[in-house]
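Look for chain A in each of the two complexes below; its partner is chain B in the first and chain C in the second.
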Partner chain A sequence: MLKKIAIDQFSELVKALAERGPLYAPVKGKEGVVFQAIQNPADVTLDFYNTVLSPKSVFFPQSEDMIRYRITQGATEAQPVPQDSRPAVILGVRPCDVRSFEIMDRHFLGAGVIDPYWKSKRDNTTIIGYAFDVTAAADPADFYNTFGYGAADPEGSDVFMVRTDKTLLLKGMTDRGKKLLDSMGVLQAAGGPDEKVFEETVKKGKAVQTRSAKIDPQVIAKKLVSVFDNGEFWQKAAMACIACGACTYVCPTCYCFDISDETLFKEGSRKRFWDACTFTDFTLEASGHNPRPRIFQRYRQKVCHKYSYHVDKYGCISCVGCGRCTRVCPVNIDIFSIVDEANKL
Partner chain B sequence: MTAFKKIEDNLKKEAKNLLESGKVTLVLAYAGGFDEKHPVPYVAKAAADADHLVFNEYCTYNMARYLTRYPLGTKIAVAVRGADSRAVVQLIQEGKVRRDDLVILGIPATGMKNQKTGEVIDAKTTASTINPVLYDVLLGDEIHGVKAGSPYDVLAELEGMDKDARWAFWKKEFERCIRCYACRKACPMCYCDPCFMDASRPRWADKSPTDDGTLMYHLTRFYHLAGRCIDCGECSRACPVDIPLYLFHKEVAKECEAMFGQAAGMNIEDKPAMANFKGEDSDQMLG
Partner chain C sequence: MENPYIPMPMNVVKITTEVDTNDIKTFRLTFVSKEDEEKFKYLPGQFGELSIYGKGESPIGIASSPTDPGYVEFTVQRTGTFVGGMVTTALHDLEEGALIGLRGPLGNAWPIDFLAGKNVVVVGGGFAFTTLRSLINYMIHGENRKRFGDITVVYGARTPGLLLYKDEMAAWQKRKDLVMHVTVDRGDASWKGREGFVPTVCKEVAPSSKNAVTVICGPPIMIKFTLPVFFDLGFSRENILTSLEMRMKCGIGKCGRCNVGNKYVCKDGPVFSLAQLEQLPRDY
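Here is the complex of A and B:
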């Protein structure tokens, strides 16, 4: 079912969504546009190419309290933090990022142990995807064509949103999405011509070109293993890398985390927070031994995990070609170039 | 107008000669990235590698930060602009590299551009250091007659605020910090291994991005760089969320310069301000 709303009424749509429960949407800040929990509907923007940080923080926040405790004389009182079970909406997710959620589901739900924190948010959240502008060129860092994604692919979204000059078209792609659209009195029914515009946009989206390479997951998985010991290849690839965590943090499919108790004056929380395999102390052991003391070893780990070990373990490449890592890297390391080179070996 | 192409040609020539003659084992400079606006830091090891070198207005990297990756005694040629050369001097002062092991390829330049925004970056950082302060070879002509101003001019707005407003300003800026440590890793002077942030016993600052932990990390780093920050601006350019770290570093540098009469990285004869004592040092903190 297709619905629509005039662009200049967008704030009404946001208001209506925000009234239903938690709403996560793009907000323009000093750093660019990022997803935030919306307090003020006027903050939401649809004028951006893509967000600096990926939307993964909606389901997998950078910092998440799991247990709160107080240390008293002779005992510690501890309470698990209750999960927010209110129905939530995430609005304005680009097609490549929408596909990242399904990849992350494999880690958090499909690996034998169900992550209750991921699950509860994922179960309760309706995803409103947002087509890229199909009349504009893709950002030079993007390479999502490599994974068969188009600039206006609705797959994975509960509702998919297409923007025209004056209108927003919203299509219910799943039962959950249709139910949401049904409940939004602020939307109008869309007609035949609108249907056509929607279909045309999806089609045009397939013609928007990003950098691309013919990468077969099984093939690249093996090729990367075959060059594992090629020190020259990896030292060249990681030559400029400064081993910060920027690429990991902005990536929609990176999911490593650390757990720590943070206490102040006898009160605190056990929390999990993002970690990065590029950090010096990522594999630092209690004995003081570190299996990956050198930067090229850690960068090799990152690439091999995403494009090789992940294929073996979870059946797909852990990357959606969104280009954020390349854009944010302080030294312009480009994972696409490195994988492309390995693929051609 | 900086002659970027001429500098690039000279860079390639010098690098090739140095590697062919065996005078150095590696040349730290810049190469092309996935497009022209995104060059990369590059390590040339063989004479043929010199063909990959580039120099354009986006080559803003401080290559001095890679110097501390190599064992003491490694013969290295390093391409540096004004502020970057100060990092080399500071590293020599601190004993992390030896003057004799380096061939410093100096690049006088104005008109360098921020890769993300395209804006010219001279005014905010490197204002006073257009020409390298130390070099073996100059890859381009020294630039004179440019009204550079003081590197501390940009602090006027912050200094005009009262204490509470300034605290509020920095608290707000650090709300965006995602603790990626790009600032620390981009800095040529942050070479400590382990860094205080890598310690868990004691844990000096929480690892999660709470206000307290984040402020603790940044304030500590600012103080660890007192008298050492050479104002290259790399930290601020590396930051994915655009925190103007250079403003705090400059303020600390300004106070250090006022108290101890020297700026970081200007003279290899200097001793690092925080590791030295002179009879005439300011004792204003003693009241």
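Here is the complex of A and C:
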């Protein structure tokens, strides 16, 4: 099922989506385009290469209240924070980022205890993917081809959106996506020629080249563990690292979090928020012992977690090649080159 | 849907100061909700997250044995104020009757079925005796005792005043189905027992490795010197067990903090055999 809308009518679509429930979409901010909960439909932009921060914040906010409490003389009153279960939409997710959700699902939903916070938001959210511009070159930092993803792959999206000169084409990929499109009165039915444009864009997307390396998950998983004790390799790899954690904050598949209580005037909340394995105190124990006191040990943890431990645990590499960490790194560390080099050792 | 991050309310019914330095206390907790109590099924070696709102949570090994129903005990050391210790300090400030939170039981356990039918050598140093106490009480309880072979315990502390569970130890020493070797690094005027480091005592006691497993918990320096003693006695790496510690937050394998290689200490551990540990990168 394919639908369309003229680009100059885009804000009407945004308005209709926002009326339906919570809408998360790209908004131009001071530091670049990021996903935000939309209050004003005019804020939404489709003019960006990729967002500075990944879309993970929609399911896994940077800071999230789990329990609110009030400390009193007697017993402390505590209430779990109710989960927002309204059907939400996230609009404008690039194809490689869409794939990050499946990787995170394996961790939060697929093994052991199910994480209720990830689950409630994930279950209730319709994903509208958004093809890269297939006529333009990929950003030099990107390497999503490594994982077999194309610039216009609809896989994983409920609705996939392709932008042409004057039109937006929206195709329902899943039942949930089709239902959403059906309920949008602002959309028009698209015809045969539009179908052709859509299919051709997906095809052209396959030809957009990013950096790419032959990385077999099982092979790299073992390789990294075998070079774990190669201090020279890791110290060189992380020599410039200042442990700022920016790479983990922008990453669509970094899920490590901290849990902490914040109290002000006897009222507060137990929250969880993003943490970074590159931070000094990530593993600092109350005794003062720290198993990873040095930056190279922590950077090694980051690389090994994504390309080795995650493979052992969940069967896939925890990276989609979106290139954000490379673009954002203040000292030009590039995980792709490091993994590629380790692979060749 | 069940929310694994929400603690159960617990009553602090008894607080015992264990050591003469006053920084280790045992907290006996009972369940506020009968339903929570019925759901809380644990084995020796597991741990729980103790919670105090406004301070946070702390992962602590369970010191009581499931053979003592109705309550759970945690022995907690108050840690430094320099880098942490918010929760343990708050716990130490509590009085009996206080209400706190608990999540758990978490982690794996001492492998009871693996230990069954074997001689068990329990080696503990200092404060790291808590889940070993749980294991010993479990093994010597009533009908359970028949499931295990000889039980030998070597337990040491720096000084007599730092030995935990003194009354219980005295009772164990009177038992005929358990051999106790309690030692201190340095005795005092009233100390009539053994003096010497744990590795040395293990060497003197020289438990046979035949059909035997050793369970060792203690400070890294003690483990470092105790392991060679057990290698010399012929214990295989599969038959040497320990419990790891790492900084933890969630305790359920989600927050990504406590991994050693591809294992989360909170979920895949804390109990590992030496053979398993040697498979992991040296990152602890």
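The rule is simple: the second predicted complex is superposed on the first by the 345 of 345 C-alpha atoms of A that agree within 3 Å, B and C clash if a C-alpha of one lies under 4 Å from a C-alpha of the other, contacts with A are read in each partner's own complex, and residues count from 1 in each chain.
Simple rule for what comes next: contacts are C-beta pairs under 8 Å (C-beta built on N, C-alpha and C of every residue); 3 or more make two chains touch, one makes a residue touch a chain.
All of these numbers come straight from a predicted model, not from anything done at the bench.
Annotation for the three-chain superposition on chain A: chain B and chain C fit side by side. By the touch criterion defined above, A:Q62 reaches chain B but does not reach chain C. With both structures placed on the common chain, the touch criterion links A:D312 to chain C but leaves chain B unconnected. Of the two partner chains placed by the overlay, only chain B lies in contact with A:G29; chain C stays clear of it. Of the two partner chains placed by superposition, only chain C is touched by A:T76; chain B is not. Shared-chain residue A:N50: touches no atom of chain B or chain C. Of the two partner chains, chain B and chain C are each touched by A:D258. Touching more residues of chain A than its counterpart among chain B and chain C is C.
In the superposition on chain A, A:V331 makes contact with chain B only, not with chain C. In the superposition on chain A, contact is made by A:M239 with chain B only, not with chain C.
After superposing the two complexes on chain A, the closest approach between C-alpha atoms of chain B and chain C comes to 5 Å. Chain A residues in contact with chain B (one complex) as well as with chain C (other complex) are 258, 260, 281, 284.
Within the complex formed with chain A, the residues of chain C that make contact are 1-6, 53-58, 79-80, 82-85, 88, 99, 101, 245-247, 249-250, 252-262, 267, 281-284. On the chain B side of its complex with chain A, the touching residues are 33-35, 38-43, 61, 65, 115, 173, 176, 178-182, 184-186, 193-195, 198, 206-210, 212-213, 234, 237-238, 240-242.
Remark: chain A residues 66-67, 69, 71, 75-76, 78, 80, 107-108, 111-116, 119-120, 225, 228-229, 255-261, 263, 268, 270, 272, 275, 277, 281-288, 291-292, 297, 301, 304-305, 308-309, 312-313 touch chain C in the complex. Residues 29-32, 52-53, 62-63, 140-141, 239-240, 242-246, 248-250, 258, 260, 262, 264, 271, 273, 276, 279-281, 284, 326, 328, 330-334, 336-337 of chain A are the ones touching chain B in the complex.
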